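One chain, chain A, links the two complexes that follow: it is found with chain B in the first and with chain C in the second.
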Partner chain A sequence: MNEDVNGHRHLLAIADVDRDFIISLLDSARSFAEVSTRPIKKVPALRGRTIANLFLEPSTRTRISFELAAKRLSADVISFSRTTSSISKGESLKDTAKTLVAMGVDAVVIRHSSAGAPKMLTGWVDCSVVNAGDGMHEHPTQALLDLFTMRERLGHLEGLKVAIVGDIDHSRVARSNIQALNKVGAEVLLVAPRSLLPERIEEMGVDITGSLEQALEWCDVLYLLRIQLERVEESRFPSLREYTLQYGLTKPRWQNLKRKPLVMHPGPMNRGVEIESSVADEVESVITGQVTAGVAVRMAVLYELLGGSHG
Partner chain B sequence: MDEGILIKGGRIISFPGGLRGEADVLVRGGVISRVERGIMPSGEEVIDASGCLVTPGLVDLHAHLREPGMEYKEDVASGSRAAVCGGYSAVFCMPNTEPAIDNSSVAEYVFDRGVDEGLCMVLPHGAITQGRRGEALAPMGEMGSCRAHVMGFSDDGNPLVDSEIMRRAMEYARSMGALIISHSEEKSLSAGGQMNEGYYSTFLGLRGMPAESEQIGVYRDLCLAEKTGARLHLAHLSTAGSVELVRTFKRRGIPVTCEVTPHHFSLNDSELLSYDTSLKMNPPLRSAANVEALLEGLADGTIDAIATDHAPHALHEKETEFDAAEFGVVGLETCLALVVTKLVETGVLSIEDAISKLTAVPARIMEMERRDYRARIQEGDPANLVVVNPEIEWTIDPLVFKSRSRNTPFAGWKVRGKVLHTIFRGRMVVQDGELVMRPPGVNEEDKTIVPTAASGRGAGEGG
Partner chain C sequence: MAFEARARVLDTEDLSRIIRRIAHEILERSKGSDDLALVGIRTRGVFLARRLGKMIEEIEGKPVAVGALDISLYRDDVATRGASSIGVTEIDLDTNDKKVVVVDDVLYTGRTIRAAMDAIMDFGRPQVIQLAVLVDRGHREVPIRADYVGKNVPTSGNEKVKVSLEEIDGVDMVEIGEER
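Right after this comes the complex of A and B.
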């Protein structure tokens, strides 16, 4: 969590936070998760505060999750997308940001296709900024909800063996998770062909393998990333069929496992590509559990930024 | 009208030779009339240069002055003002204008605009291919024989993809006695790239441009230069591999020269952690190990010259998402100080070698004696001089730049080495670090200074 010169707190990247922040946030998320089980799913924690969702890249679950989180904290929420904002009319991000500030918002939750956009935004607004995913950089709340899910399901994070499979290069989810897992003492193994790994990713503190079989033997958590067809056109791998053969969680692979890992996915899943449909059905409860956890974690984040003595 | 200027007590740097010790320089009638100790003033404007260096005016091999077409970023007037405040007497400007400098009309237009301003020589490089499209050769001969006497040809930021066209361009340039200047880059490896490929691009999630993209381009161009016998100048080298390639080919006797920019030897890619778009340029800032290799190349002479790659952009083109920001930084007003601070003070280069790479070497590469420029302070030479105090520490403040643009990563840097006075063709154009305003219309005679130029152009045309 960064605090700027004006005293506004931001969540821009897992790189900026430490272990204690992560753990205390997960603890706080646990109590917010309880709110979502009540018949009246609302607490007055952020009553009178206004949160702007600025989603300049298509997103359904993250946008709705943030919106729900804000509403369950009784904040007022306004939402902008690329098409409904003046960005589509050629307005610059800076001017859009200034407009939001003029409207008196307390926090901006931003999703942007350009890495670094949330950080830039902090220079232009007079309020808190939450990164809801920026280009290939980071998606900090996703990593927090993933850690939340792992801890709830497996009871601990330290020493956990997590294998992340797929297109690491293009994945902000992977970058945030690698750093978050490292900070809480988990081990990370990346599973991908070299053509889907960014340069010198080893220096982020991970091991690498090209063998899914090896990873399956080793891991407590198997984290599958979404594979996109356009990577075939970029010659990152030959075909979806080949990808599935090499790196897909297929039925035979899954059935052969004596010790089954926790299977996670940031969604949306590509059934038949990174995961066979019948396996997906079997592990679906965890993946939808991630979505539920997302609301609680984002409530905790918004409360941390805007609630209490801060803001 | 011209009482002359007497520069007293400075240490002279003149080439060949270098540092000459203290002497006074008397400038009269546009030329250096005496260089000796103890000249007594007789009505001239006297400049106290004690503690200062008196050097030939600097020559920049690589600037973007944006005129015609993108005058909102820079034009010849603002670019000239920036140049002289940085100590330059000559600026070679790249042809990526709109329209491109790919024929004699545009080349003469830019050249004449420089003459109109009268602050320094503005010397266009021409495009290798028409419209810089990489398809058909531009008329090098016509550009070479026009008023601008274009001698360097480059498609700059659009490096020639087609190696066959590059080969033929080199052969043709050789016959014309012209120089091919290459921004060497294998674009298929760097497409979409925002910064150097390495740990920091991975960490920041920005698409990387690998060093190999530059090196493959450099190797191709060196091979073609060897085959064709053409003179090749490699622009803004940024990687250890490129320096090593040049070293190897020079050892084989290939007539290749190369340049580096102040930003590439002053900064590395770890600075990008700030996502500051003023650090975005092409080639990108490389890793610290590559910067070390550039310093080594400068010290051992593999790297011939220092050029700015002055690339002005408007505020809104930089104050935007990193992916959307334009490539490039301004450099004319900060180059000399960065050379002093980062190369001379650190012992990489002696002051005379540093000044040589800013004056004598670029002048030799561009055969500037044909334009009556000599990196020499000697009686009878045209007086293109700069008085630099290498000790003065100052803080870089983009708000006082004379350039129309402010896109520098060096804002707030404390640097050493300040240009105090710039004299162009005998006239003081910068005094005490400030531009000297002059009455309009007094520079008409300048147009005939280029010896072979038959200046038939009337005043006010094309202004």
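Right after this comes the complex of A and C.
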């Protein structure tokens, strides 16, 4: 978490935070998870604060999750998207953000197709900024909710063996997760064809394999990434069928496993591509659990930024 | 800043006598332990609530529900003071129509108890909410008073009351002194 010269705190990237921050955030997320199980799912912690959700790229779960998180903390929320805002009239991000802050917003949650947009924003606005996914750069709250899910389900993070499967190259989720897992002492194995791996990825402290079978034998957590269908046209791989054959969690692969790993997916799933539909049904509870965890983790992040333990 | 003790106002024996007396008082006022629920405020209030619960169980021969409450998210000074780390609230009990006794170590400004009442109301509608504290040191800033008090300890504003409990501090005692 960075703090700027005006004392505003931001969450821009997992690269900026350390292990202690991650662990203490996951601890407090546990308390926030409890709030969502109450008959009245709301606490007054951020009463009187205003949070703007600036989602300039399509998103369902992240946007709703941030909105719910803010509402459960009693903050006021303004949400807007590209099509319904002046951005569709050609207003720049800078002007949009400045307008928001002029109306007295305390934090901006931003999703943008360009890497680094949230960081740019911190130089323009006088409020906190949360990165909700920027281009192919990072998606820090996704990594935090994934770690939360692993920790709650498996009891620990240190020494955990996590295999991440799929289009690592285009995935901000993978980039954030790799760094977060490294920081808390988990081991990461990437499973993908070379064409879906970024250059020099080994330097991030991960192992690489082309064999899903090998990964399945080894891992405690199997993290499947969404195959972005438009990538087939970029000829990153021959066909979806080919991908599924080699890297898909198919029924035979799943059934043959003696020790079944925790299967996770950031959503939305492409049933029949990275995971066979019947297997998806079987492991669905974990994946919906990730969604539930998302609200708790984002409550913890917003509270940390705006309620803050700085002082 | 370090705490410098000037006097010990309660020791181990005093504490166990107080727990026993308050347990009896609660039972007398509530006419038994039916519908009773004890809710301790984190951190030390939780241990006191558990001790009271154990004592009531010994007297009545049946268990009484004990919960833990973290009021950080209900504080009225988050903006100015900043929040500390947040503990988990464990109220696995149905508070509807229950006689809830809030338990805390020190009653001072009353703001913590105000926050605790807000929190409890979010869990249901108790028949009655009462307050038990180990030490009442005065200086209220809101109209709140305790129903059960271990000891009234008059203090000045710059004095501190330090409660130590066996469960986390290794020893039972209450001291009064200054921060230096």
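Throughout what follows, the second predicted complex is superposed on the first by the 307 of 311 C-alpha atoms of A that agree within 3 Å, B and C clash if a C-alpha of one lies under 4 Å from a C-alpha of the other, contacts with A are read in each partner's own complex, and residues count from 1 in each chain.
We take it that contacts are C-beta pairs under 8 Å (C-beta built on N, C-alpha and C of every residue); 3 or more make two chains touch, one makes a residue touch a chain.
Please read these numbers as outputs of a predicted model, since none were measured by experiment.
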item: First (chain B), second (chain C), both or neither touched by A:Tyr303; value: second
item: Touching partner for A:Glu138 - first (chain B), second (chain C), both, neither; value: first
item: First (chain B), second (chain C), both or neither touched by A:Ile64; value: neither
item: First (chain B), second (chain C), both or neither touched by A:Arg175; value: first
item: First (chain B), second (chain C), both or neither touched by A:Glu203; value: first
item: First (chain B), second (chain C), both or neither touched by A:Ala45; value: second
item: First (chain B), second (chain C), both or neither touched by A:Val101; value: neither
item: Shared chain A surface residues [contacts with chain B and with chain C]; value: none
item: Chain A residues within the chain C interface of the complex; value: 24, 27-28, 30-32, 34-35, 38-40, 42-46, 48, 73, 303, 307-311
item: Of all residues in chain C, those that touch chain A in their complex; value: 70, 72-75, 78-79, 81-90, 118-119, 122-124
item: Contact footprint of chain A on chain B as seen in their complex; value: 197-199, 201-208, 210, 275, 316, 319-324
item: Residues of chain A defined as touching chain B within the complex; value: 15, 92-94, 112-117, 119-120, 134-138, 172, 175, 198-201, 203-204
